[in-house]
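In the two assemblies presented below, chain A is common to both, partnered first by chain B and then by chain C.
Right after this comes the complex of A and B.
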């Protein structure tokens, strides 16, 4: 309770400071928090802006697709590299090197391949979300205690049973961390993709508002996205905590 | 008793000149070399020796977890190829309990693999935990139990398989001295009740003397049989009896020699 009170106090203090600093400055560049609620209401009927709901829905669909593909591909490659030790040792440095490259440099080529539509945004979300999944699976496979596998084998468990009843639960808490990070990165990938070049989506609307110097609307959009991501990540954190408690 | 043909055919465990070599980064290491041993039905045999002498490897070969490079392992007269959970159950040093399973579900694990229905296997598991002083702890997770309790759960899990052979790899090695002695006394009781054939790996002289019918002393790497000693004292054993002291001195002589070799040969 004390912690929660502290957090609220900090949030209020930050908003107050923001208000105080922004108040005497140019309202076009320095948006005060107190104008945001009004701007949010006004934004629904701004004729220059594209109607928001469709764009939100499109972005949500893109994120879902990107995350699903990133998780599927990441789990597949992670288990392939983790369970086949030789293959894993051959490819892992390559993977680590690729991960070190700032992913945004691939975005132009993704646009060339997939066009201006949703596909290139999904592809970029996949690219960002994929690595944490693979790397967490690899780390997870390695931290499965060998004794537990031996115990199951000694009791006659076949390889697939060992995988399902021993390896998966033993690596769950590591993997769930990677899956959570992947979700956050898939969101970033899709939004960055939309901002860099798109004809629809929340990122496109943000870029549009920014282009017309509608800074107030832009700020509202940024806050909305922030709130959405925060809600998503909080849900992710709850799931992670549950899995960790279960997997000990 | 000599390892004659008649005993080989009926003995629960026969090791016939088994050997195992491991490839390590510093070249191949002969872990076990030509170990032969016949374990009689309902016998309690301890493998005693310095650390790294291949005791656990021998146990792994009996359990079908490690394939010997040479020689053969016979279980009830049949050649052992891979784990045989219907005949052999294992208990490991650190217990090897699944941290995401409750004590009850840990004990039920082997039955689950056999396809025993959930209600039935829980009933069996509960029946095993209760006489071990673990009634009321069925729903606890391993991290909520003490070291001695965890080890008892691990033993219950092995007993749940209801095999005639029990292999134990330093099951009390991680426990403190007092708990260890108590667990030993308790194991003597279990053994009398369940009439199992037990092979028990340990590096504790005290433990070997307290529990065994026979003690197999192994040499430092490569692990061979150095000596086999019969312990005929009745159970429960008084560890301060003069015979025990004498036996301990004799064992210590042999183990000391091998431990010194093992220390000297360490890289």
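Right after this comes the complex of A and C.
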């Protein structure tokens, strides 16, 4: 109860402080929180921006495509490297080194190669989402107790049964963490791509509003998209908790 | 397979990849306008490096400034949040939410207020790097074994001694882990800010190369930044291994 009161107090204090600091300053740059609801209603009534629903839908499709490809490629490579120790020892350091590169620097090349359309956003989302999947599968495979695998095999379990009944439960919680991080990064990749240069998608609308100095509209969009991403991430956290309970 | 064998295999695979890439462009599978051959990239390395080095210095300096701010804020905030139960319970959902929200969404606003210059890039770097550091340090500070503290106090250690001799060594690994993650995020923040609204710096240069279809220069610049950041991260890793030995 006290904790909840504290949380509400922080939120109220931050908003009030922001309101007070921004009040005497230029309202075009220092957007006060209190103008946001009004701006949202105005946007709803008199749409000056490109039609939002289409752009949101496009972004959702881009994210879904990027996530699907990143997970498929990441699982494949992760198991390939994790189950064959020799291959893993050769390529894992290379992957780790690539992971140390700040990922935005790939974006200009991707944009050059895939153009300004959805393909470059999907490619960037894949690139970002791919690493956490591979690395979590590798970490997960290492967590499987080898004695359990040996025991199951000596009792006559087939390779697929060993995988399903022994390996998967032992590595599930690590892997699911990676899959959740990958979703967050696929979202970031698509949004970054759209904001840096696109002709469609939510990020494009944000860039568009910002470019026309429609700062209130920009702020409303940023808050809405941020809330949407948080909701998605919370759903991911619930799934992760469930899988962890299943895996024990 | 020994260490040398692994290194040999890595070199061989990289070489094979480069050959395959060269062949793909030469045979017309990939368009050289968008994908330059490795030979062309290698030829572009020299001139690009000359163009890039001053900008890279600019970018690195901004990243380091933002990183220093993020480490300061993140470590202090993390220690504070990790050691107070109530503050942790109250503030953690906000920190996690701030960590989860894509920071690109705030970037236009920072540009509006701070302009196109250094401040924007430094602040973006701080914004990107501070939350992972904060979260890792807070988790580390929470996981300090309380019996260690009790034992030290029971044997007559002062508050300062407890912080220096018990808490600091116990938290050190998570601080170093946070710092290692933070440096990549700080560089990412600066490069992104420069790509979005830069007038100088490496991110700006790369974005311009892409828009001007200078493919081989762009690939060379990408290679230079990649190698640089890998070197930075590997040396931090080396440092953290030495620190853990000290512990």
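Definition applied: the second predicted complex is superposed on the first by the 237 of 248 C-alpha atoms of A that agree within 3 Å, B and C clash if a C-alpha of one lies under 4 Å from a C-alpha of the other, contacts with A are read in each partner's own complex, and residues count from 1 in each chain.
The definition used in the following text is that a contact is a pair of C-beta atoms (placed from the backbone, for glycine too) under 8 Å apart; a residue touches a chain by one contact, two chains touch by 3 or more.
Since this is a predicted model, take the numbers as computed values, not measurements.
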First, second, both or neither for A:233, with chain B first and chain C second: second
Touched partner set for A:150, first chain B, second chain C, both or neither: first
Contacts of A:246 with chain B and chain C, given as first, second, both or neither: first
Partner chain in contact with A:191 - chain B first, chain C second, else both or neither: second
Winner by number of chain A residues touched, once chain B and chain C are compared: C
Partner chain in contact with A:164 - chain B first, chain C second, else both or neither: neither
First, second, both or neither for A:2, with chain B first and chain C second: second
Which superposed partner A:102 touches (first chain B, second chain C, both, neither): second
First, second, both or neither for A:93, with chain B first and chain C second: second
Doubly contacted chain A residues - partners chain C and chain B: none
Partner chain C, residues of chain A touching it in the complex: 2-3, 6-7, 10-11, 29-31, 86, 89-91, 93-94, 97-98, 100-109, 111-113, 184, 187-188, 191-192, 195-196, 203, 206-207, 210, 215, 218-219, 222, 225-226, 229-230, 233
Parts of chain C lying in touch with chain A, wherever the complex brings them together: 1, 6, 9-10, 13-14, 34-35, 86, 89-91, 93-94, 97, 100-102, 104-109, 112-113, 184-185, 187-188, 191-192, 195-196, 203, 206-207, 209-210, 213, 215, 218-219, 222, 225-226, 229-230, 233-234
Interface residues, chain A side, partner chain B - complex: 145, 147-148, 150-157, 161, 165-166, 169-170, 172, 246-248
Residues on chain B engaged by chain A in the complex (per definition of touch): 63-65, 83-86, 88-90, 92, 94, 96, 98-100, 109-110, 112-114, 141-143, 161
